[in-house]
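Encoded as structure tokens, the structure appears first; notes follow it.
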Amino acid sequence: MAKYMGKRFLFTILTLILVTIFLFLLTHVSGADPAKIMLGTNATPEAVEAMRAKLGLDRPWYVQYFSWISDLLHGDLGTSYYRDEKVSDLLVKYFKPTLALAIYSELIAIIIGVPMGIMQAKNKGKASSVIISTITLIGLSIPGFLLGLFLMFFFSVKIKIFPVSGYKAITEGFGEHIKSLVLPSLALGLSQAALITRTTNSAMLEVLNSEYIKTARAKGVNEKTILWKHALRNAMIPIITVCGQSFAVLFGGAVVIETIFNISGLGTLVYNSISNRDYSIIQGAVLVIALVYVVINLLVDVLYGIEDPRIRVGGKK
Amino acid sequence: MEDTIFSVKNLTKEFYSGRKKIIKAVNNVSFELREKETYSLVGESGCGKSTTGRAALRLIEPTSGEIMYHGRDAMKFKGKEMLDFRRRMQMVFQDPYSSLNPRMTIDKIVEEPLIIHKLGNKAEREAKVAEILSKVGIRRDQFKRYPHEFSGGQKQRISMARALILNPEIIVCDEPVSALDVSIQAQVLNLLKKLQDDYNVSYLFISHDMSVVKYISDRIGVMYLGNIVEEADAEDLFANPLHPYTQALLSAVPEADPDIRKERITLHGEIPSPLNVPSGCPFRTRCRYATEECAMSKPELRTVDGSHRVACHNYNK
Amino acid sequence: MSLLEVKNLKTSFKTLRGMVTAIDGVSFNVDKDEMVAIIGESGCGKSVTSQSIMRLYPETDQSVEYEGEVLFNGEDILHIPFKEMAKHRGNDIAMIFQDALASLNPVFTVGDQIIEALRIHKKITKKEAREEAIKLLEQTGIPDAAKRVDAYPHELSGGMRQRAMIALALSCRPQILIADEPTTALDVTIQAQIMEMIVNLNKEYGMGIILITHDLGVVAQHCKRAMVMYLGQIVEEGDVETMFKHPMHPYTKGLIKSVPTTKTDKDKPLYTINGVVPKLSEAGDGCRFCDRCEHATERCFHECPSLKAAGEEGHNVRCFLYE
Amino acid sequence: MKNKITKEHSHKYLVFKKLCSNKLLLIFGILTIVIVIAGILAPVVSPYSPYDMQTSLRLKAPSAAHWFGTDTYGRDVLTRILYGIRMSLVVGILTAVISTVIGIILGLLAGYFNFLDTIIMRISEAMSTIPVFLMAITLMTILGISTKNVIISMSIVYIPLVVTVTRGVALQVREQTYIEAIRSIGAKWPRILFRHMMPNVLSPVIVQATYIFASSMLVEAALSFLSCGIPLPAPSLGNILSEARTVIFSSWWLVTFPGICLIIVILGINILGDALRDLMDPLSN
């Protein structure tokens, strides 16, 4: 187990290094000149040159990369091209709403997805299973932003039980906080719920077809225990995987939903930076989200170990 | 021996398990194959018989040892020589279901070797394919079918056709009948014998089924944990097994004849893991005659009577 | 009254092609102390027979239909509610499967799986169950059982896993043990050990055993009575010695003759049965073996013979040749 | 015997018949086909030009002349939707094809050569740490907004997915005996890889490609909705919705019709994907 986790950890570091190289290359390949962007279109060539020297952009690319990395390791993500603020400060400020949104969406996705998937597998061949699979398919086909617009139109404009937009921090009262995030979380979480339903269903079906389920039945275990103890334990790995991945997807999807619901989170920050071509912020935000993904995956790996003795004992697979 | 066409000497294949542990799957194995003869390697799972077959063909590179083909050193073959070696040495595999490409019709499958070796033009190739397929008992109207439309026995016939089409000298048959139903086994065994007569091929026959081996072989090598422990003419081996392992193996074979209920030598314990081969004689942990000497030194394979060879300290000369 | 009476058992499965009958009219008895073999090649329905007796197929989605009766101590367990069947499984009738690695749940220890079985059917504490589990593992010849009880299936060797599987099946001292190809996946030397153990269970505890196998050797060496199945039907049944020496049904004859033994003459080709086993869905109205039979007459293609007594007592055969 | 009745039908036919028994899916499938055909024939069937602005006709509700109403610039919504579907389909198909072709090649190489496996899979894993949508929008910012760049960015985004799927299947196929057999005959790697392995990894990858097709249409719509996708004034379903954002609560037809069309088309492609998956399932029974 320790060896397995050590290996996973090393891979994680490697992945992160690759991500930084990738992000670094992206901004370099794009040919965008931060100095020009910062100084605006009317800047004189001399001023741009001076700015480039100040930012260190006149150095060779690998020197720039390593100085960027060493800054990163010190928690310094650079300065925004537009606003006179540190990227790290901005990210911290905008991170919380997105995190809250992602957590609630994930909860919705899991609470709906896992039981639906189990029901679908349990009732295989019955009408209820067909209904669930059809709903799932529809859920996968509705764009989050459309769902968001619809929910907003119905619940905020027509019935008026939820606010149209805006985000309330938890410090402004838990009720308000939840209320402000219900619709965005639904808009974001439902498609993931569909995905989790699908995965849970196919994982359960596969397990229920296996020989050891027959053994369990042959020794007299009742069907309920077979489903919830024997089958679910074994189907856990794909379910955990898809839940972990969906969390990262939610962070990505937040860009659109936050814009619609006017939540000032990472998504909005990225969106606003795009029109300004404020690469330092985009770079920072993407890096943070990649970090979230990687950490979640590491947690998922730990869960694998706890879940599956074949990984825990013997370090195989 | 004059008519020896192929021989291996001190063939060894090691695998790495993890970073440091070495598995000696094949340990100093030597045997030779004469013209139009069937030499069998028998043993239980994990004894290294299949690995020996593959290493002898250099399908996996041996760690050390000598492979002589018509007096030439096959370990040094490269490029055209190697391609020619591949052409003269063919293989038939155990699993009929996965040994044929499911996306190709069987006439294409059988034609493929000719294309790889650039033999004949299209018309010639087709004629040859038709001839060989008819020979193994496939009807002309079945040529354009896909493998899944055939039964296991028929698939094994098609595999034979694929191997024979290049006019090989030697065919390595890796458990060719063990995946087949009993009534089909007999058909394939008969076919193997008939084809040997018609095409003058030699077989290196790998199997765990003693009765089948007895029926098909001229000479037999018994393997245990990567070593050949006894080698003899087929009749001789069954009439007069010398190694305690061979004796136990023969007595354990359930004969499909209620009259032959023999005195059984039950071996206790299990085959040791190849990661942890006992010192000295590999069989000593399960041998009822084991002495101190057996733990000290490894017995060499020595000739006792004509072509009968055995590796055991306790056999009195 | 026999311990287990199977009467006219017919099992059909729902497939895309409609209901397909996998076994058709299988009848046999198993007495206490008796070891009966069901012989057949793949697809003959021998495993379906055993799993139908245990009712292991999920019945909630109507994908399986049973007809006939399975009487255990006189009670028809084929038609009692599915839930009640669970009480018999493991407790009265237990089963061991071919592939022990696939048949043991990978996420629970061997001990946990035995303890679970014990606690379903007996009112005992966890601690008692654990001690019982260790005892069972010892009985099945697992060395160091007190330690192995906490091992996961993947940590054991093939032979050990099959022993653990047997320990699990024995946990509630069932009256009938169904062994479905228990030694097929094992090496011959290990095979011999496991078969010896199964034979002992039969002798010492008087457990009725149904041995399902394709290996004629195993049957010839260990069983007294056997049934031969072909395409979902029993084609011949009787005493092993007589049947192996004087097989009656052309299929049984062919099967026995085509298997090489160490006494087979090497210079003669082996006897073979022509053709291949047809698909279940292609079975016609006539005798199911007619396409491959040397003796088939016009009648065989239109009419299916029934299983009738022939030869010695207790010997039945499904063939017009013996009418 | 009742077993014999449907004997002559192939397995695929039976699966297809079973799929058609789900009426709801069937209806959506047929609707999709209608919409897709209308989209393909947009220049022929649409009564107006998608770019003609008529200020006098601003934001008119659906009528006999304009079935789906008009937008803020007085353009016919139906016409724009038809052209928009065309655009979305083209972008989706190209994305699916490009990412699949590149992904299959990389995935096969990774699945066959151990040394390439580590390199390709590490890079692919690093790329997939960035969520699909975020990655697409980042690439769009850097490459600049144009239709071509939408296709390029989305193709890049989906390549790791195809690589992972292909490699997974390739690893299984590589272990099949027929690959060992063809190697034992003396075949070289390009032949093994592209003649023997590729046809056998294709089915799951094609199923994956249809999902990419659907999912890339979703992403394209979202990108365009945020004005980072297809540049205006070209119609795409995302663009139409994006332009409608400001008047969304007063002019319902501007969101409803393009929204429903988008959902139906994506649903239809997903149904196609599921059907392919079931049809290509290795022959059971």
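A, B, C and D are the chain letters, set down in written order, and residue numbers restart from 1 in every chain.
Basically, a contact is a pair of C-beta atoms (placed from the backbone, for glycine too) under 8 Å apart; a residue touches a chain by one contact, two chains touch by 3 or more.
On a predicted model such as this, the values are computed, not experimentally measured, just so you know.
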{"item": "Where chain A and chain C overlap in contact partners, by chain label", "value": "D"}
{"item": "Computed distance of Cα centres, chain D from chain C, in Å", "value": "50"}
{"item": "Separation of chain A from chain B, taking each centre as the mean of its C-alpha atoms, in whole Å", "value": "54"}
{"item": "CA centroid of chain B to CA centroid of chain C, Å", "value": "32"}
{"item": "Junction residues of chain D - those touching two or more other chains", "value": "none"}
{"item": "Category of the chain touch graph - line, ring, star, complete, other", "value": "other"}
{"item": "Pairs of chains, among all present, that meet the touch criterion", "value": "A-C, A-D, B-C, B-D, C-D"}
{"item": "Contacting residues of chain D [partner chain C, same complex]", "value": "1-7, 9, 11, 14-15, 17-18, 285"}
{"item": "Chain C - residues contacting chain A, complex", "value": "51, 54, 56, 58, 60-63, 82-83, 86-91, 94-95, 97, 99, 102-109, 113, 116-117, 120-121, 152, 154-155, 165, 168-169, 171"}
{"item": "Chain D to chain A touching residues, read off their complex", "value": "22, 24-25, 122-123, 125-127, 129-135, 137-143, 214, 218, 221-222, 225-226, 228, 241, 248-249, 255, 259, 262-263, 266-267, 270-271, 274"}
{"item": "List of chain C residues in touch with chain B within their complex", "value": "41-42, 157-160, 187-193, 195-196, 214-222, 240-241, 244-245, 254-256, 258-264, 266, 269-273, 276-277"}
{"item": "List of chain A residues in touch with chain D within their complex", "value": "11, 14-16, 18-19, 22, 26-27, 29-30, 32, 130, 134, 137-138, 140-146, 149-150, 153, 157, 248-249, 251-253, 255-256, 259, 270-271, 274, 277, 279, 282, 286, 289-290, 293-294, 297"}
